[in-house]
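Chain lettering (A, B, C and D) follows the sequence in which the chains are written, and residue indices restart at 1 in each chain.
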Amino acid sequence: MGEAFDAGFFVRWLEAAALAVDREAGLLTELDSAIGDADHGANLQRGFAAVAELLAKEPPATPGAVLVAAGRQLISTVGGASGPLYGTLLRRTGKALGEDEHVGRERLAEAFAVGVAAVSQLGGAQVGDKTMLDALVPAVEALRVSFGAARTAAEEGALATVPLQARKGRASYLGERSIGHQDPGATSSALLFAELAGTARAEGPA
Amino acid sequence: MGEAFDAGFFVRWLEAAALAVDREAGLLTELDSAIGDADHGANLQRGFAAVAELLAKEPPATPGAVLVAAGRQLISTVGGASGPLYGTLLRRTGKALGEDEHVGRERLAEAFAVGVAAVSQLGGAQVGDKTMLDALVPAVEALRVSFGAARTAAEEGALATVPLQARKGRASYLGERSIGHQDPGATSSALLFAELAGTARAEGPA
Amino acid sequence: MRMLINVPETVVADALRGMAAAHPELTVDVERGIVARRDAPVAGKVALVSGGGSGHEPLHGGFVGPGMLSAACPGAIFTSPVPDQMVRAAAAVDSGAGVLFVVKNYTGDVLNFEMAAELAEDEGIQVAKVLVDDDVAVTDSLYTAGRRGTGGTLFVEKIAGAAAEAGAPLQRVEAIARRVNSRCRSFGVALSACTTPAKGSPTFELPAGELELGVGIHGEPGRERRGMMTSREIADYAVDAVVEDLRPSGPVLALINGMGGTPLLELYGFNAEVQRVLTERGIPVARTLVGNYVTSLDMAGCSVTLCEVDEELLRLWDAPVRTPALRWGR
Amino acid sequence: MRMLINVPETVVADALRGMAAAHPELTVDVERGIVARRDAPVAGKVALVSGGGSGHEPLHGGFVGPGMLSAACPGAIFTSPVPDQMVRAAAAVDSGAGVLFVVKNYTGDVLNFEMAAELAEDEGIQVAKVLVDDDVAVTDSLYTAGRRGTGGTLFVEKIAGAAAEAGAPLQRVEAIARRVNSRCRSFGVALSACTTPAKGSPTFELPAGELELGVGIHGEPGRERRGMMTSREIADYAVDAVVEDLRPSGPVLALINGMGGTPLLELYGFNAEVQRVLTERGIPVARTLVGNYVTSLDMAGCSVTLCEVDEELLRLWDAPVRTPALRWGR
């Protein structure tokens, strides 16, 4: 067992995520421009800025409450496909964490698995459909091993979307022309797990 | 006195004018594009083609009737500023020629002076306002001397519009920015007198 | 050339065929270039006939119908129609009560309508004329062609059309039309130049990031060219130009008009800024119209027209109208 | 960037402020992103709520009013609105007779409206949903996101809106909306790409002289790219694509829709060609609508939507409507 993380950790993760999304918004929009409608960067900027603002103003007491609040905020501010999907991911993960004041990595991985399953159910997508799930599913699986493994798995998952043909979301309209481009949602998922690993490392070995 | 011209001469002139306008339509539109609305070429193409068609189908018997018919046809097919102005020029010139079956150059010059005065009255413009009158007025004056002199005077008149500031027509909206461009209507007027001189020369010395 | 056309030569005729198919309530004579109310002539009613070069749609054909124009005569693109069109249109819609020609102040339109008026009078039709010259971007003087007619045309045609529909005699309809014109002022701004089918390239060069202040609806240049301005700055500039000239002492009608290539989303945003300036200047706005009404083909840009109204003009503005482009009331 | 805006961030809010100023007959909540009929809730009447990304104006806000939508929820540009908007809108316009959500089939719209429906039901509002998926350019399959919703939305909102106005209960309004959608097919063509304020450059590269056949209203690519075609050829291609899929056996309503950057003159000319093809195919056209209704910012291009109608649907189409963008009847 590594150490356990409190609400503050998750707030710091999401603040770091907001900064990362802001920094990489141009890249995300560029990717979405190639096979979507050029708004993924702006969508997540708007959403994570609102999340950071909310958490700074009213920081919830438990990890679960942080994730539920963040998920709700994403749903209320992002719109598009990614809003409900990321919102559901965090909300359902948070719910799975219950009232616990501290959660360990493995418990987090289990909760994330619930959140990812909810994303898959909501959007009807599976691994291989060229969506965020291509990064999320392997990342959550690898989180059972370590934060670093989750980060790497997410990055590899995002890269692995390049040769795929999209079957869900806006990119699916492109049919074969979607091949050869990296999925924007998988890319932002990799970003989130990179920041999660970064936050965990900054606060001691996991 | 030179020789006198019959209806056929005026038909041939207007046919030559139609060809010339067709050939130079691009130039006229280009000039109109700089200080107007880029339609002078198309306007005169449409009008003189209709004139040539009409005269081929129903050639009138007298010089006056040819010019009146051509003027009416221009009015009915050109639109814009140049339609009524050129139409009036030919119509009033034709009316001034009366029923004569043959007209000499000097008589033609007198009749043209009537037509040009009507143009000036209709449009309210004077020489120096950067309009077709800057070519027409000196051309008609010089026609008292010879066809060649009229052609040269029209060309010089058209060139002389370059440094002028437009006070009438669409170019006047440009104010000082109209300076430095040759007036499209003066240019087409020069074209008409060039064809008149050409037709006269082809049919013997004037 | 990014154009949805067959060949430049048939653009206007094709559009008239398409109008005919879309609007069974209109009579469209494609050959002769006349769009008329199907129920014209309306017994006892003064008829309104307008027209001008094509490329400004929905002006004028889209304004034909009960409460507005009796007939419209579209010319070639940016070229005024020929007198024959107006004479034929006048003859087709005149009930004996006379015809008002609504003429935008461009040399070509003025000359062709003048000739048409003479010819129509020869045919025994009583004709009156009103000249629309509302564009403050142009310096007016006795020695020039005068101000251009732009957005004010919509107000003149709507309000005079309502007066005619209500049974006013020709002289009265003419007087109202003149009053409306005298109280209308417009100012236009281009963010891009338009492309005519015949020319196939923009009628003037406007580098991206620059705008032409005071542009005309045929792409005639305006007062000056500037680097890009915000919607807020453009509203300040345009409204001030209009207000300085109009100096309204009462409420105004406001037309926030698109030139054809600017999205409605942007026009509405621009309207917010126009309303802000008007509020700051203490000018009450009685009615606002936002949309593409007096366009310049695919030009990006907008114009602002204000029309100062008294109670009578406002009542006539509110009166029912049923045309392809303008409809309200019952 | 040739845009009439302040900054990209405020484009939608600015437009809503401008809408509020222009349309006193609507309630516009700029903060929350809701455009509603001022007289809502109308006692006993089923309410229609739609919404979607902005940039398609007049859709949906311009379709709010008697005979059509009760409320519209505009999202950010090309981004579906958030559930809170739809829930608030539903609560504001529900008279107790229930609310129909009209949802264009895009993953984002579907997910957000689904969440909104759940939340609204939690608040005791009876909610039904209709998904609009009329775009034949997209290959449909169980394993993909399915067809996009485009021009058919106008027919669904108008006809279901008329049924609601006439007092039909929720289930019936929903059934009619579904019937309309099942009989609508669309096909779109881009002559240029649109430019979103946030990106500031065209969303895809389309060299002048090429066109994208089967484009979506967010600039999503279509079936294929080709060298320039005439209006006649485009009409053949687009109508055939629609007709092959719809195979109408009765009369149709035809929407000849502009994408925002194509002049009305060209749209009417295109309509002439569309009508020609339909005549050649032996398909009677009951009504035709030509104009910019479901746009894609400043994109040049057009779409054709056909909606097969029986007597009931035609009667509902002809029923009075009074919205900013669509008005007829008394």
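Simple rule for what comes next: a contact is a pair of C-beta atoms (placed from the backbone, for glycine too) under 8 Å apart; a residue touches a chain by one contact, two chains touch by 3 or more.
Keep in mind that this is a model prediction, so the values were computed, not measured.
Within the contact network of the assembly, the step distance from chain A to chain B comes to 3. Considering the contact criterion stated above, no chain is in touch with chain B and with chain C alike. For this pair, chain A with chain D, the centres built from the Cα atoms lie 32 Å apart.
Centre-to-centre separation between chain A and chain C, using Cα means, comes to 54 Å. If you average the Cα atoms of chain C and of chain D, the two centres end up 29 Å apart. Those residues of chain D in touch with two or more other chains are numbered 77. Shown here, the protein chains touch in a chain-like sequence that does not close on itself.
Pairs of chains meeting the touch criterion are A-D, B-C, C-D.
Against chain A, the residues of chain D that register as touching in their complex are 53, 75-84, 106-108, 111-112, 114-115, 138-139, 143-145, 148, 196, 198-199, 203-204, 216, 218-221.
If you check the complex, the residues on chain A that touch chain D are 29, 33, 36-39, 42-43, 46, 75-85, 122-123, 167-170, 172-175, 177. The touching residues of chain D, counted against chain C in their complex, run 1-7, 10-12, 14-19, 21-22, 54-55, 57-58, 62, 77, 191-192, 208-209, 228, 230-232, 234, 256, 260-273, 275, 285, 288-290, 292, 295, 297-298, 300-302, 327-328, 330.
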